[in-house]
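For reference, the structures are reproduced in the following blocks.
Shared between the two complexes below is chain A, which pairs with chain B and chain C, respectively.
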Partner chain A sequence: MEIHRYEKIWLAGALLLIVGFIATISYGAVGAGIEMVDDDGGQIEPNAISDHPKFSEPGTYKTGENEYDVYVVAYQFAFDPGTSDPIRVPANSEVTFHITSRDVVHGFEIVGTNANTMAIPGQVATITVEFGEPTEYGLLCHEYCGSAHHAMEGSIQVVPQSQWNESMVVN
Partner chain B sequence: MAAEPESEEMPTSAGEGAGDGASIPDTESIDDEGYVIGSGRAGVVRQIDHDDFDPIGTLVLIAIYMAIVGAMWIFMYFVEFLGGDLTVIG
Partner chain C sequence: MATFVDRYPDEAKVVQASFAVAFIALGIGAFFGLIQALHRTNILRVIDSVDYYTLLTAHGVLLALVFTIFFLVGVFTWAIAKGFERPLPDIRLTWAWFGLMTTGTVLTAVAILAGLVPEIPMSADVLYTFYAPLEAHPAFYIGLAMFIVGTWMAGADWFLAYRDWRGDNPDERIPLQPFMVLTTMIMWYVSTLGVAVAVVFFLIPWSLGLIETVNPLLTRTLFWYFGHPVVYFWLMPAYLLWYTVLPKLAGGRLFSDPLARVVFVLFVLLSTPVGIHHQYVDPGIAEGFKFIAMTNTMFLLLPSLLTAFTVVASVEHGARQRGGEGYLSWLGALPWRDPAFAGMALAGLMFAAGGFSGMVNAGMNINYLVHNTLWVPGHFHMTVGTAVALTMMAGTYWLLPQITGKTVYSRPIGLFQVVLWFIGMVFMSNAMHRGGLLGIPRRTAEPQYQNFDFAAAVGSVGEIRMQIAFGGLLLFLSVVFFLFNVAATWAEDRVDTPVDDTIPAPLSPPSGAPLILDNLALWTGIAVVLVVLAYTLPLASIVTDSGLLGSSPGFPVAISLEALAEAAASALPHVSLDAAAGLRPLDVAAEAAETLEVSR
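Right after this comes the complex of A and B.
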């Protein structure tokens, strides 16, 4: 088969793009250390969340030096904590969010950032992020979950280390 | 008037440059009735070699498209995504 010389050029260009896309994703996973959300969080009985040692009292738990776990229950149409009370985490800390839902599929998105996951009933999603300077982030549901989905939002307060106190921790 | 051949072939031999195969009007198909669909002149054929086809405009368009895609890819992944706040690391 005879291939026109121009066609060879754009075939090579298209192949270069594909190789480039794959190389970019590989770099993100290996070089930049970006993780995918997987099923490591395990499963939970959505009707028995109140029996869970942590989800029964959701909030911020200290797990180590500058390391915290935040347990969040999503439901129609709020985050607990997050909506009535903001999620509070100290500045310059590494925080692992554990998120589940007790009714339908919700989303958990820290607005304007790369941190987001689905909140699936029966499944715990875990994402670890590093917070820097004190600030406040918005929180919203980005999976359609019902008639008041558009009103399902909350906030995360990144509290300065100097103002952080143990009363902000659940345990 | 000499009879027109059914097709006028203009092979591109060494003596004739590529792409200068000027079409010769077929006087038989020229009339005053205007263009009738399907009535295109059949009496003119211009043959060129495979590599004499030179769609430089298509090549330039595809080069522009690829440049746009490449620039957007660099910007969206390395600037917007990797430069974004709160990336999932675990």
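Right after this comes the complex of A and C.
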């Protein structure tokens, strides 16, 4: 098959670009440590969330020195916690969110960050993020979940260590 | 000199009918698009936000599925008859698939649009991705299934034509255009299997109440098994026109027939085992499977990058045949006043930009930043919304004369219209991309929140909204001019030679292509093996984890407003039912729901 010289150069450049993309993404995953949401969170019975040891009482749990777990249940059309009460985490902490849905598919996006995952009934999504200085983030559902989807929002308060107290954790 | 309609009058009627359905869908879908663009930017709200999702569902289904695929079956029917130089084997079969596809479309469209009429107890506000356990009326799923089966019959029709042709021409290479049709249909058969299983085995029985529950991750994964190849199904008719028609319009000929075949074979192989890249942030799917989907996706860039070379080289050749010279000044020698050429060339240019934003989406770690934000519709309005849709509109100015025997009513209106589309999309899609980077979500009637604002580093959110609304207005006007031009063309009288419909032979002829490229059975086999490799383990683990039928009952989208308002009123005694129903009941209910004390 006759391939023009310029075409060969282009082909080589295209393959180089592709391999380069795969290499940078692999570096992002392994070197920079950006893990994908995966199957680590396990499964949950969406109709029996109240039987779950943590999701039955969603909120912030302390798991170690500056390490916290936050359990969030998404449902039409709110996050618990997040909507009626903000999610509270201390400043300069490492937080693992565990997110599930008790009805339809929802989304979980901390506005202005790359903390972004799906909430699928029957599955638990886990993402670990680092919080820095005290501030407040918006929280929104980014997957269409029904007629009042646009009202599904909330907030995350990153509380100064000095103001952090036992009443802000569940355990 | 006779054209297509004189040589194949029966086939021309089917192409005309397919285009007619496509253009009706385009008109309705574009109108809904305008309403959405004005609504979500809070510039003009003529509908309730609940109805926004009805229009959004209709916009997606009518444009992404009905307009594109009806245009596709028209072009492919034209390409098969013209390429094999013979009528289709049995025109009754051809009308049968057209009839089935149209009936399915009407059923689905009625199920969706009934959501606007409270008196009709039917609703399908599930968007075109219909993620369970949001549940639509059964007619929505049944109509979709009929539509898909119709496309399968169309493919069978074209393969039967191929068999007849092969019988008479045992030693010839498959002509290029039919080769493109057949390879595209192989990809389609392989990929629609996923959505067919999801709809026929799970969603239809579930919506009819025959089974109680579904596994939402399973039906979602089966959808995306189909959901990425479908974008190539939209794109392949555009590629067919870019490879075989655009070089001719530019005044030249295709650079390389063998390379064109290689590209289509690559799409057969790589289009399907990539769907999990739409599920990068889904729980329940191991990272390794996402990594495999990512690498396959990156290699899928190859056929599109090769296409960029071949198409640009062919167009440059055409320009030089017309007297163009220099490194770049040959661009000026191109027939920019021809709407068919100008539209396709602009569509190709925007596809390059859309390709780059797609590379960002495909990068699984950077995808966290843009997943389900406005960036994503910004991306696909450049690809399916321009590369495909604008090529189809531009191609119409060359195809419609062939299938009707009538000259285009107004080439200046045509030129104005395709340029208007391009400009409108520049405004709308660049603003959508930027809005996505701020975290503004897609698929949201009112992305204006109580708890926070979106912060723009450059420009402002208000400016982004204005660009989206203004771009959406230009796009709608472009469609109005297009439909007017098409209707006026159709109303003209037949002439002998409405258009020069010859397609010159490629510079590198098919004889240079290895014979193995035409071995369709081989490529089908490899494609199936790749799909089995990419999907067996993820699907098996999803089923093992949560069961074939899962445990999610349906959540019908047809929520009665009274019921919701009553629930809100009983939860919050101080919200009276009258006030709730009189104002904006759903917003009141949602607010009430937010303040409810959660019992668990």
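We adopt the following convention: the second predicted complex is superposed on the first by the 169 of 171 C-alpha atoms of A that agree within 3 Å, B and C clash if a C-alpha of one lies under 4 Å from a C-alpha of the other, contacts with A are read in each partner's own complex, and residues count from 1 in each chain.
Keep in mind that, in the parts below, a contact is a pair of C-beta atoms (placed from the backbone, for glycine too) under 8 Å apart; a residue touches a chain by one contact, two chains touch by 3 or more.
In this text, all values refer to a predicted model and were calculated from it rather than measured experimentally.
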Inset, instruction - Return first, second, both or neither, reflecting whether A:Val104 touches chain B, chain C, both chains, or no partner chain. - result: second
Inset, instruction - Considering only touches as defined above, state whether A:Pro160 meets chain B (first), chain C (second), both or neither. - result: neither
Inset, instruction - Determine, under the contact definition given at the top, whether A:His4 touches first (chain B), second (chain C), both, or neither. - result: both
Inset, instruction - Answer with first, second, both or neither: which of chain B and chain C does A:Thr96 touch in the superposed model? - result: first
Inset, instruction - Have a look and say if chain B or chain C is in touch with more residues of chain A. - result: C
Inset, instruction - Applying the touch criterion given at the start, work out whether A:Phe131 contacts chain B, chain C, both or neither, answering first, second, both or neither. - result: first
Inset, instruction - May I ask you to decide whether A:Ile120 touches chain B, chain C, both, or neither, giving the answer as first, second, both or neither? - result: second
Legend entry - Intersection of the chain A residues that touch chain B with those that touch chain C: 2, 4, 6, 10, 17, 21, 24, 28, 32, 34-37, 112-115, 126, 137
Legend entry - Contacting residues of chain B [partner chain A, same complex]: 50-51, 53, 55, 58-59, 62-63, 66, 69-70, 73, 77, 81-82, 84-90
Legend entry - In the complex, chain A residues that touch chain C: 1-4, 6-7, 10-11, 14-15, 17-18, 21-22, 24-25, 28-29, 32, 34-39, 41, 43, 45-47, 49-50, 56-57, 76-78, 80, 83-84, 99, 103-105, 107, 109, 111-118, 120-126, 136-155
Inset, instruction - Would you mind writing out the residues of chain C in touch with chain A in their complex? - result: 49-50, 53, 56, 125, 127, 131, 133-134, 215-217, 220, 255-256, 258-259, 279-287, 290-291, 294-295, 298-299, 301-302, 305-306, 309-310, 313, 359, 362-366, 368-369, 371-373, 438-439, 441-447, 449-455, 508, 512-514, 541, 545-546, 550-553, 555, 557, 559, 586-587, 589-591, 593-598, 600
Inset, instruction - Could you please specify the touching residues of chain A with respect to chain B in the complex? - result: 2, 4-6, 9-10, 13, 17, 20-21, 24, 28, 32-37, 96, 110, 112-115, 126-131, 137
